[in-house]
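Next up, some structures in structure tokens.
You will see chain A twice below: alongside chain B first, and alongside chain C after that.
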Partner chain A sequence: MPQTSRLFHIVRIAFAVIGAAVVLFLFLNHSEQLDTPLMDYFTADFLAQTGAQNSVAAIYLNYRVFDTLFEALMLMVSVMEVINVSWANKHAEQYKFEKDDFNRKNNSEIVIRMVGIIYPFVLLIGLYIIINGHVSPGGGFQGGAVLATALITRYLVYPNFDLDLHTLEKLEKFLFLSIVMTPVLYVFMQIQPADTTLSHQIYMVAMNSLIGLKVFSGLSIIFYRFVFYEGR
Partner chain B sequence: MDFITGEIVGILLFFIGLYGLMTKKTIVKTIMSMSIMESGIFLFYITINYTDGSVPPIGQAQEAAFVDPVPSALMITAIVIGIGVTAIGLTMFMHYKQKHGITHWSRNRNQTGSEH
Partner chain C sequence: MFQTFILLTLLVLACFSVLSDNLRRSILFLGAFSLTIALAYLHYNAPDVALAEAAIGVGLSTVMYLVALKKVSVYDICYVNEDVETFNDDQINEIRDSIVRPLELFVERTEEIEPQLAYTNRTLETVMREDEHDCLIHRKGNLTYIYGDTTDQVFQDIVANLNDVIKDIEDIRVIFRDEVSIDAADE
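Moving on to the complex of A and B:
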């Protein structure tokens, strides 16, 4: 029995190595030079067409906004799964949180002091990345992740479960409705004023803020659920 | 060191993850292998179609060629979806472990340890 399992092990290693070698060989020797019509179209005149100076923001908020819609749906579905499928929902009596446990685990004075100093700057840079996402590198996804870091540092300082996750989940569902409705009304149905230079900017800032808040609430819910419910 | 580009490292990472998926019997290691495969795909896509001397696609200044913004815009959504998939996998693993006591892809319920 160990002989055959060792043979299978060697076969699997050989399969992975040969597969990597074949793909690398094909990639290095037969790389065909393709045209990039999408890139030419997207980078030709995106400032006049979408009002965004960042071409990536122009793509995921205007040209290919379907991607963003279904990405937001995917994140919301994963958050709903994390909340509703968890084993801890039906067996909550085994998941009592001990206060001593918290006090014993998180007693680093250095971390608490430093996080207290850093905390407002984390919020500030998160909001900056979100608001300036259409004129500089950044956007809703990155800024939302940075904002979620703020709540994670809050857990390091004050590990208590007084955060109302159901309110955050309702907020996320409402934000998802807004994220769906705004491009449908503005981009697809073209409900725009005659002069679109200002309204394009407002649309970009609004969509980046909505996406940032949605990613923030989604990542925070996932982190807090994992810390307090799945951690045993 | 000219051949170590992002594409090649991405392909190698993908196959390292595939090797983990093929050999490891721990469910957590399977989820980790899926994450490693995802990282390889992200790296491959982000560094694809890059030429030296190109500038980030911000503003309308045309003194140099722009970097291709399409893979970046695709991967920025794929990264968030990867986080969602990993969270779903870990939650389902915890549910499965608490309900059935299984931590391995095996018929033997008492199999423990991380050497598989």
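Moving on to the complex of A and C:
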């Protein structure tokens, strides 16, 4: 094993120690007191300005919607990377369709029955979190994750690959385009039917539904790719 | 009081999930950790984050880890050398380049199974009786024995390709555990 030289080692350690000292010094000597102008701006009048009763939804769907666009982009890029990596597997073709995999004997009877009972309620709560995202805690991402969890528990009960992943991938990209277009038209270019709370609320619900569907399809693609195109 | 309780529970669960011997148990502790930290977020007035943590941490990642654990198969190799008093990593070095590394590479590349190596200086009889390893490498003096089962397809492949896998050592002997009893193998 090649050994790095001792001097280099010492220099590296000294560099780390000096860096930590500088950071600690700056952190401990920082005595400037800032007001909270941003917080005041975001929380003062958000209901009238954005139509959301939940200030978090007001921030991520109206005040700082630019961040949301890039979060959606980040999820889409990671989904694309998962697809890319799982295709790079040389045995991808071999595991394309595992039709014989269906075997109820391996699955616990208790899990199957309980998931069957819980399944509709999980779907309901996911949809509730999405649609009510601008009123109560939650929103598109959380609701989409709950919906994806419901689809993934389906794998525990019925481990078959009868899902059309290509449609889901196309749907995800189309949804990303919609997610970019809607705030660009509505918030940035101010093409609004009327500047009322009702109109803003319709925009909020539409955006939350789009984000929820996109997160749902993205996480499902990641999971099913991982399960059926990877491993042995 | 409640805060202290939650934070201490978090610490305990994190330590359990790192230190536990069983990977499946670790995953369950990690799920419990996620649930507790969701409770902590809720306590600190962040219900949005708590909801995301509950959905991602408890639901998605736990199921994903469990499926991954089911998919990974490990081939368990044990190196037995009774002559060594105290075993450490230096002892493995003397056979590493000749036996262990080629064997691991073969198992990993050709058989596509994750190899895992353990070593011990207990006697061969106790190891065979008490532990269940897929393959045993036993060093006795200058002789090297490899123990395995006839029903084990991976071990059959290793034996069939032994000339290609291990090139440096000529006097290596293969013993099938289920055909030969332990006493006969000793002679």
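Quick note on the criterion: the second predicted complex is superposed on the first by the 178 of 232 C-alpha atoms of A that agree within 3 Å, B and C clash if a C-alpha of one lies under 4 Å from a C-alpha of the other, contacts with A are read in each partner's own complex, and residues count from 1 in each chain.
The definition used in the following text is that contacts are C-beta pairs under 8 Å (C-beta built on N, C-alpha and C of every residue); 3 or more make two chains touch, one makes a residue touch a chain.
Please read these numbers as outputs of a predicted model, since none were measured by experiment.
In the overlay built on the shared chain, the residue A:156 is in contact with chain C alone; chain B does not reach it.
Once the two complexes are overlaid on the shared chain, A:141 sits against chain B and chain C alike. Of the two partner chains placed around the shared chain by superposition, neither chain B nor chain C is touched by A:117.
When the two structures are aligned on the shared chain, A:227 is found in touch with chain C, with no touch to chain B. By the touch criterion defined above, A:129 reaches chain C but does not reach chain B. Legend: residue contacts after superposition of the two complexes on their common chain; A:59 is shown touching chain B, with no touch to chain C. Of the two partner chains, neither chain B nor chain C is touched by A:189. The wider contact with chain A, measured as residues touched, comes from B rather than the other of chain B and chain C.
Shared contact residues of chain A, touching chain B in one structure and chain C in the other: 56, 137, 139, 141-142, 219, 226, 230.
Here chain A touches chain C in the complex through residues 56, 129, 137-139, 141-142, 145-146, 148-149, 152-153, 155-156, 219, 223, 226-227, 230-232, going by the rule given at the top.
Residue ranges on chain C touching chain A, taken from their complex, read 47-48, 50-52, 55-56, 59-60, 63-64, 67-68, 71-73, 112. On chain A, the positions that touch chain B within their shared complex are 9, 12-13, 15-17, 19-20, 23-24, 27-28, 36, 38-39, 42-43, 47, 53-56, 58-60, 64, 67-68, 71, 74-75, 77-79, 81-82, 85-87, 91, 135-137, 139, 141-142, 215, 219, 222, 225-226, 230. Chain B makes touch with chain A in their complex at residues 3, 7-8, 11-12, 14-16, 18-19, 22-23, 49, 56-60, 66, 68-70, 72-74, 76-77, 79-81, 83-85, 87-88, 90-92, 94-95, 98-99.
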